[in-house]
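What follows is a single structure, written as structure tokens, with notes after it.
A, B and C are the chain letters, set down in written order, and residue numbers restart from 1 in every chain.
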Amino acid sequence: MRYVIIGNSAAAVGTIEGIRQVDGAGSITVISDEAYHTYSRPLISYLLCGKTTEERMKYRPDDFYEKNGVTLLLGRHVCAIRPEEKTVLLEDGEKIAYDKLMVATGSRPFIPPMEGLEMVKKRFTFMTLKDAKTLEAALTPKSRVLIVGAGLIGLKCAEGIHGRVGSIAVVDLADRILPSILDAEGSSIVQRLLEAKGIVFYLSDSVRQFLPERALLQSGKEIGFDVVVIAVGVRPNTELVAQAGGKVSRGIAASDCGETSLPDIYAAGDCCESYDITTGQNRILALLPNAYMQGEAAGIAMAGGEAHFKKAVPMNAIGFFGLHMITAGSYDGDAEVLQDSEGNYKKLVTKDGLLKGYILIGNVERAGIYTSLIREQTPLAAIDYQLIKEKPQLMAFSRKQRAEKLGGMRI
Amino acid sequence: MKKIYVNEKWCLGCHLCEYYCAFANSGESDMVKALKGIEIHPRIRIEERGNVSFAVSCRHCDEPLCVKSCISGALTEENGVISIDPEKCVGCYTCIMACPYGAVMPSENGAIQKCELCTKNAGGLPACVKGCPNKAIVFEERAV
Amino acid sequence: MPIDFLYPEYEVVRNADRCIACRVCERQCANEVHFYDPENKRMMSDESKCVNCHRCVSLCPTRALKIVKTDHTFKENASWSGTNIAEIYRQAGSGGVLLSSMGNPKQYPIYWDHILINASQVTNPSIDPLREPMETKVFLGAKPSKIQRDDAGRLVNNLPPGLELQVPVMFSAMSYGSISYNAHESLARAATALGTFYNTGEGGLHEDFYQYGPHTIVQVASGRFGVHKAYLEAGAAIEIKMGQGAKPGIGGHLPGAKIVGDISKTRMIPEGSDAISPAPHHDIYSIEDLRQLVFSLKEATEYKKPVIVKIAAVHNVAAIASGIARSGADIIAIDGFRGGTGAAPTRIRDNVGIPIELALASVDERLRQEGIRNHVSLVIGGSIRNSADIVKAIALGADAVYIATSALLALGCHLCRNCHSGKCNWGIATQRPELVRRLNPDVGCQRLINLVTAWNHEIKEMMGGMGINSIEALRGNRLMLRGVGLNEKELEILGIKHAGE
């Protein structure tokens, strides 16, 4: 069996580890246009602020490919998939044959048309290790950095470069920061913290025009800058599958074991959709844990095993300057906010007797217990919800449930 | 494989497991030197309410969500034991978000910490198991 | 506030250098001696509440604690000891009968410690129990006086029902109520594993423990609590309790506060009602009456089970035993004055009854003289502290021994003698669920098995030394014993020679 994987990040690693759980012998070829050993993309901001190194941010150990019998084709670009002859075509003309193909092509930064942007010399995106390195090379202690986008990527970038540049300004069309993961109150808590660190926000605003060394905003305000980072969002890399005739909606359509509409072609990670159990919709969940688990399930399926990734839940764990926050699920439902005197913020969202989502800022202790309520769709009537609302705890479950969870019951 | 199991029926809520855990992972050879005057950060934690108490530590799941979710590759599974490489961990707490048991927690140095079945300290029988006065915490094979 | 004439008996000594303020002492003390002072971040104690049970000492992970007897003294003299003075203060304050737990602690002679065991030299060589078979199995019950044969000359099995013990040790009566569910489970499982018996006492048999019936002796006492047909049938033997070494001549009293839940159900009395066992059996005023009860019980169980009659060792014990041996009982159990109890009036415990060693020797001698020793087996209890005591008891004429205090010690009891408070920190003499939980029967059962197994090894060693390879050959073999420091009368009663003779 010849397995070919396009991509070399979390979904690809998940696929390799999934395949090897079932098939120890088949050949695995990984093709990536990046020239690096697999690394963790979310760590690039930690790299900039010195919390990790290029060596430590490797997603798997140095001997990972060797141990798993993987042939690496790094720095090579796939330009087409030919499902009819079961090959992929590389840019340099080489054809690689596959029996099972994994498309884990991820996503790329979305750069909206902005007047004058092409004239800005120091303009960057913030997604790959290469992005981080080129950005870092351009920074000086005096740099005035303008970040377009107050989402996860933009703000992690801001944190990463904080302290090594002169100033940081963030512009976003939305009226608050981190709108994809936080509610208004949560956003303002985090915004206050970031502002206290000297980061300046221009919200409900956007760049009308980039001029030399300054940006003119829709509101009429002007921001002086010499480095701009575009972090307004990402777009899935679906083209290979689309061109090969595979079904693509927002992302590549894939079953819960990763099958695309094309025979023997699978997809996983940020390039494809998964079924969000909290909303009941197929959507792109561009999250590393999701990518890995999707990839792993697909890998097992590719090798003939039985695996399904059915419990996709949007979730994020992130921190800024030591303030941690964990969020999960959807916020469509009855919300209850609990705030304590120490400034910890908690919002729990319930609907139809289930926990649908939550936001924790500050105290994130044992958040996974909440996540599991969402993931397992535990009826809240079956537990002591009042108790678990106070803080995540197994005490809220019945003795019997606990015995099963903790394996304390002799079976 | 042998794992730590907690039998709630026999847990006395004495918290000794927490102290033996903290001691075992302190690197000190004397408990007093290790724990006197400090706030402990054990990897096993007692939950208690009224007359019910039980200890919670890593279950070393067969399908470890923490390992699968770890964004840095710092959490790994080997021979059934899930361990953390504090050098690689950046303290993003994705594992805390993922663990259904609440058994992963921040350590004092920014990385996370979790029960590693005492494989990285003096070893042998896990310290909480050894220290439990009522055999409420056991280390055994169980077909669950 | 009236003057408190009593100074705390113990002092809690905490080594501040070693204490890490883990608060296990505080969490584990049901008497609430220890507490944490958050202001000074250190542990404190109120020693007036301390009963010296050592729960805190045993669990302290840094050995920062010890309990010492206070050296504060009254102005004592030979007559007016501190105890005597304190008891007067206590009674002058309360107007009540003093209550105590466990056995007689007074300085009466302990004859076991004045008896020495023989060993073979040169002739009648000693036996190595690790290399040669050694039998400690005991059969309890009446033995037929004649061999019977049928017309064809074949042996007729005319053995009355009895008990087969793999070791000459049984766990004596402790009721469910006086001790906890987990203590009972530990005893029941250990008895089963050891091939011996435990005893329900007068508390009935919890339905969970019917499974251990073949290793259970069910007791019928003066209150008849928990006695019904299934109960009698569940046990391997039935014991009629006439008396108890710790409190001869009086009954029992389990306060209504302890008659809760399963205890009420098992005893078959309403929750909250006092369980009062009368001093006498109100239907027994003579050996003939006793015989009626013995045979009622036998009749009820179709003559399939041996009946034990248990009495306290009192002055004319030999004559009483002789009567019992003629009552149809298969086994006589005699309980010495050092036997334990969950609660007894202090004066009774400390002043009534006689030492078991003397009682045993005189009963065995009397039954032999009357030619009825084979009608019954003799089981003695009430102060067996180790395997040497057992060897001496058997050589004095016992078939087997009962242990209870030793068994409780194995379970963790520290003889703090506060059973009557119901706050046993070791989960033994308590019914409070959070305390009962402290005795995990998996642990308790194993410790009991360990103890009895160890003793059995030692018994074999001592038997081997004497050149005896069957415990049957040791029974009543008083030539194997010598007394030291005993007077002529004592030696005469014990039926042994003085060392050197």
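As a working rule, contacts are C-beta pairs under 8 Å (C-beta built on N, C-alpha and C of every residue); 3 or more make two chains touch, one makes a residue touch a chain.
Bear in mind the structure is a predicted one, so any value in this text is a computation, not a measurement.
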A student comparing A-B to B-C should find more C-beta pairs in contact for A-B
Taking mean C-alpha coords per chain and comparing to the overall C-alpha mean, nearest is chain B
Taking each chain's centre as the mean of its CA atoms, subunit A sits from subunit C at a distance in Å of 70
So, in whole Å, the Cα centroid of subunit A is separated from that of subunit B by 28
Subunit B and subunit C have mean C-alpha positions lying a whole-number Å distance apart equal to 43
Subunit C partner, complex, touching residues on subunit B are 9-16, 19-20, 23, 31-32, 35-37, 51, 131, 133-136
So, in the complex, the side of subunit A touching subunit B is made of residues 10, 14, 40, 42-43, 46, 51-52, 56-61, 288-289, 292-293, 296, 315-319, 324, 326, 328, 364-369, 371-372, 375-376, 387, 392-395, 399, 402-403, 405-408, 410-411
In their shared complex, subunit A is touched by residues of subunit B numbered 3, 5-8, 47-49, 52, 54, 56, 59, 65, 68-69, 71-73, 87-88, 90-102, 104-105, 142-144
Contacts from subunit C onto subunit B in the complex sit at residues 17-20, 22-24, 27-28, 41, 58-59, 61-62, 64, 433-434, 437-438, 440, 442-443
